[in-house]
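Got some structures for you, see below.
Common to both upcoming complexes is subunit A, partnered first by subunit B, then by subunit C.
For the complex of A and B:
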């Protein structure tokens, strides 16, 4: 491999990494900056609305004084589109019907007029007056396409503790609409990318030059931002300003420096070499990798992040570890409460343990029977026994649910034939759990049977013959030959079966539906209920999902280590 | 070439001259859908004048609320849609639906049954015009019950005569482990869910755990207990099945059950629910309203409101009541001779007078699951009414507290 090729690969790798970093930094930066700019644009409107509200409060019921105040605010500059005071003279039969009237309006012809549908814009002011009664001050920025940006501010006027009127001011801010200009940022990001490019090719000598460039860039951007801020403050008529955030710049600088170091360690080069060597393989894998990224990793990452947020009415708030604390502390419910995490965890473990035990025992027993060389119609039995597995499991679940019905279920009818009184299956924990267990055992044993059958075929006959010659009983040869030789096939199947059963949503949800009182719910159905049946708590549900993932991961790691199951099978 | 331009111009003319149509989503099926589409056609064929056309689209009911919640904030949703009022609070809080009281007058509001329009209010705003109302009432099999009971004592007596548990015959069927179907007894015994504090329905105080509510639960347990008149493990499907087989003398259900009944075999009667003998108050089911609502993202709001006014006008409502047997919410419709002549519709109309408007607040959505759990426990005898209600109230309070903190966080 030539030196030139190596340098090119390293430079390309550096460029890709730097672009990724630059994009992330730009997104963060723009978000923060827009928020700052919005605050700047909103400040004058809020200040005018407060002034107007104060004047109206002072004026009391005097419409002339209120009108004068409105005109005064309007006179503050051509940026003010409208200043108005809305009052509600009387209420009517319906709580939503309020006649709203302008006590004052910067357009003098509208003073004392009722807000109505002939005037464009009255609807928005009418609704604002409604919301102000409950929400207090409101400030909103509208940036419709092809129209100037408008800021609406509304302030309640309270007299003697009661809502008296609403002061509304609409301005067209002088500051450019949020999102412009971004050129200093764009230039800076281009520089970062270039630095990355250079970093990839950096030899120890050039390394110092590159680091100097990064520091220079940060200083330049810092200075440029200071100028921008002064520019905005001069235009805005009020003192309320949000300083422009500078931390994304610092972050970008640190990351760029990191890239330089990484480039120095020839990471980019190694990446490029790998890519080049297995070019065709990577090409083939790309569609699948993209599919995985979009369909698996993105939702996975989304779910992971969601666990740290709380959801209410479409807004997500970051709450840190609060969801996890709520779950792991039991949420203030006693341990015997079905919604307590540890209760549900206990039920889930019991559910998984009993199921897997039954699946393996029944599956193994049937496999041993089917293996018997003297058995006739083996094929037919095999088909019949695999059938439960072939039917979609929700259909089986609904059939079993019907069979366990108190009045009409087949199970109770059969029990009655034997003189047992009808059982109300879903009224008690034990019976409801048993109903779930029976259903899932019906669904689960065929898989274990198939696995055992396959493994049994591969045990050579002569081992048994040798044991027979040595005088071993059938019981002895089962424990000393069959079981040890089954282990490599059986353990991975058990691990898989455990994970399936642990998350067996359909059976629990459809058969017992958690009855009675949510006590037969397992973790996965509990998570579902938090998200979609109780209070839309998506964050809490995501936290549940993450906890389930951690439990199962721990389980898999421990069992793998204990049994070395995977090694035995694949080595 | 010129000809091609002319053809193109003709094709594009409707789009440019009439502007964007108003998209209307609904979940109506069968006769209700036909009646609605007939009204939309009338609007499009001339009633609209210079206003935009309505383009109606049927969306499956199960996915409806989720689609609205997801589509409207992203700008893909409809301009208008029809849905039950119980999501009004949620959608108003997340600014998905438009308040419409600005366009309303008292005379306009007077067109509708007061309770139906009241259900579509949230806070101080109105968020829709009522298309129809829904509540449960008492269905009875005329062959087994000649005259419907007036009081619960009568109800129990008639039901006892028609109950033979061994043969699978029951006097009364209803889904007694669901708050929705238990509500008539709850309110009839004087219980409540939220108690209003002042005018604002958003600040109601939780009042689930009360003596009256416990008495209602005890009564329901008496009906549904081991020697009761209600079958164990009832469900809405079981209600329909038993009633259709003639094995249920009476049932508590809503207008949606009519379509599932075999009226050739069973002589179906509907009457308002009886008065609770212990209190003298009528049993009072939940009242729900189906509202025609406007998306907050609608770009032609004035025109959309006019379309809403047309679709809920008296003339259209009468057509919907006659053709689709929809319990419409217009006062004028109930004075129409053809509507009055329908005994089943009239029974639901009479039931409305004693029904309780179901709160459309986000808080109410937190009540269902814990309350259903309390009912389940009482029905299977694993807890007494007092204990079950105390547990339900504690659980609802936990949900309310978590919603409160989420809200405060959201405004920061």
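For the complex of A and C:
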């Protein structure tokens, strides 16, 4: 080890430590800031919703009393807009009509008025009121789209003799978030830089010192951020008793351990030697590597961590392996239930298998017909037949969704010409699956056709002539010449096609949309639904994605071995 | 002789039927786009009885009550997202592809494998963490955020495509330049990059196509109508329950696909070549 290498190693170690700690500090800071803002926004909204709910309940059917209560509650908090929405009985004239009216409103002129979507905020209130009827108490921190309200909270109430659920909604105009003191972060970064430098000529002993320093810093930051949190909570109208997070301690311990191990193994120095020898190569690879680090590895790590948390209403709680257990145990649902993991897995395997089989069969058949050099217009056929590959696949999906329309769809029309009754394609598993399958077959065979055509043209003709001379039938020469020679080209194509089909999100999501009852969903659409369509269960969805990734990895590994085996046989 | 002629006729008949069936869905969409009314007509005849451009006019002319030209805005979003992804992908990948093609260094195998795996597996798997991260950074509903998401697959794709091409450039060129005293950097900029221009163009166009055609990430990450890209707009014409405007959908679908279908046909030879080199995502 030269001195130069040692110095480089030290600098490198310092840099790694510094960036790790900086990331941790920034994450910590942002997390606490979010928590603070959330507390600030959430606490009063919630408490006002409860107060108004109480007052309205007490007022019973009396609109004047309810209105007075609304104004009274408003007097306590500025810049809030309060409304109690009552759902009117069904109109006698139009049975489907149920008007929503303000029982009370902090803007007195709107009392007794019907909710009107042209009014700022009314649509958000209307939606919240509806949701409350189904879901109970709601706190919503995100601004509804295109509405000038930021925080909304709602509580269900039952009013007097009329048994119509009434929602109480609080909205408030967007207020810029209060400025956050930036000094803890700046001080933290400065300290980290110092520590990085101190990591200097690194010997194991010094690493221990540095690790101690890092632990100290993390604890310091934790303490400072605790103060920051207190600062926000003090500004919130009602202080929330959020438990002080414990994980920074764990993080600090892991960091310290990591640094000690790094120092002990002289990993920095070894890395430096490698870096110096291949300096140019690493320099060239850096931009893409950095891009991948930020865009793929960080989200991947984040997703991995997310798999161990449960998300509900904007807060995450650590649940260990519960998400994975829930998925892999089928979530307590019977095997025939569409939301059972193994049911979905079975559908996915069936989906992938049938598709790839059809793609290869159709593609190969067409390629065998088109390879004939004497065939006329073969170029034209080829150009026309790859059109499905060229069309963006979401458009394909939507076109076929239209084709399978119960009433106007072309498919049912064709069936009628043959005297078959119209089929409601998306109300049975079999037909919905078939609809997806037809769509994806249309989309997928051109790829296999092109691959087969390319491979077939590279088989020399004299091989067939020799076989013919030897008296081989066409069938025999297909199985003993064409297929084996096709395999090296077809195998990778099948692997690729399998992975594409396994993950063919757009077709499932847009054609059958999982209908009926989520039974035609495949793994990847199921994961998506857990994240974005079923109460934002990000943790469970992340765990799902991880399991899918593992399945794909296993598949790739196995097929990789098999490809190697075929290559060995035929090369 | 006679039997071979019948056979040829039969082959053509089968091929024509199959090609016709393949083209029918597209033909029906084209017919819908130029016939009045929003519902599909119950006929398989792809020739429209009456031609109108009203659907195209409605789709292109769509605007918000406050006068914002919605279609223009969404077209701009689509172009920005696709161009941004392409520039980011190609720019970051050029040098890395060169390194992977020319140098042998520790981590090369790991790097190549990672790039392959990442571009083969769908971005949908990274979608959940990306969504949470972007929402924390306030980058949801922004084209910049979408470009970052697209870049997750665009970078590895570009690296593989370009590496495949760099492999075909003879090393002798560089050796000669090295002997003449050119620096590595100079060799890269003055010899390799100009030679690779066609490959870079093809890679860029594929990147552009992929981003232009992407639906689900855009639909999930973009919340505001003014931030939609065109695929999200097209999907919005196809409602959940019977409220589908098939006419507008058909017109929009044609407007969006014609450029990429043309590009696809222009580039399909390279696509197949790239596939055999073990890259390209569907």
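Convention: the second predicted complex is superposed on the first by the 291 of 571 C-alpha atoms of A that agree within 3 Å, B and C clash if a C-alpha of one lies under 4 Å from a C-alpha of the other, contacts with A are read in each partner's own complex, and residues count from 1 in each chain.
The rule we apply is simple: a contact is a pair of C-beta atoms (placed from the backbone, for glycine too) under 8 Å apart; a residue touches a chain by one contact, two chains touch by 3 or more.
What you see is a predicted model; the values in this text were computed from it and never measured.
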| item | value |
| --- | --- |
| In the superposition, subunit B vs subunit C on subunit A residues touched | C |
| Partner chain in contact with A:107 - subunit B first, subunit C second, else both or neither | neither |
| Touching partner for A:127 - first (subunit B), second (subunit C), both, neither | first |
| Partner chain(s) touched by A:405 [first = subunit B, second = subunit C, both, neither] | both |
| Residues on subunit A lying within both footprints (that of subunit B and that of subunit C) | 405, 408 |
| Subunit A partner contacts - residues on subunit C that touch it in the complex | 8, 11-12, 14-15, 18-19, 22-26, 28-29, 39-44, 88, 91-93, 95-100, 102-106, 108, 111, 114-115, 117-118, 120-122, 124-133, 136, 148, 151-152, 155-156, 159, 184, 188, 212-213, 215-216, 220, 223-225, 231, 234-235, 238, 244, 246, 249, 253, 256-257, 260-261, 264-265, 268, 272, 275-276, 278, 282 |
| Touching residues on subunit A, where the partner in the complex is subunit B | 92-98, 115, 117, 122-123, 126-127, 130, 133-134, 310-315, 317, 319, 326, 331-333, 339, 405-408, 424, 426-428, 515-518, 529, 533-535, 537 |
| Residues on subunit B engaged by subunit A in the complex (per definition of touch) | 69, 73, 90, 93-94, 96, 99, 101-106, 109, 117-118, 121, 123-126, 168, 199-200, 202, 231-233, 238, 301-302, 362, 365-366, 369, 373, 376-377, 379-382, 395, 398-399, 402-403, 405-407, 409-410, 412 |
| Contacting residues of subunit A [partner subunit C, same complex] | 30, 34, 145-146, 274, 278, 280-292, 295-296, 298-300, 302-303, 306, 366, 369-370, 372, 375-377, 381, 383-396, 398-403, 405, 408-410, 413-414, 442, 447, 450-451, 454, 489, 492-493, 496, 499-500, 503, 505-506, 509-510, 524, 527-528, 531-532, 538, 541-542, 545, 548-549, 552-553, 556 |
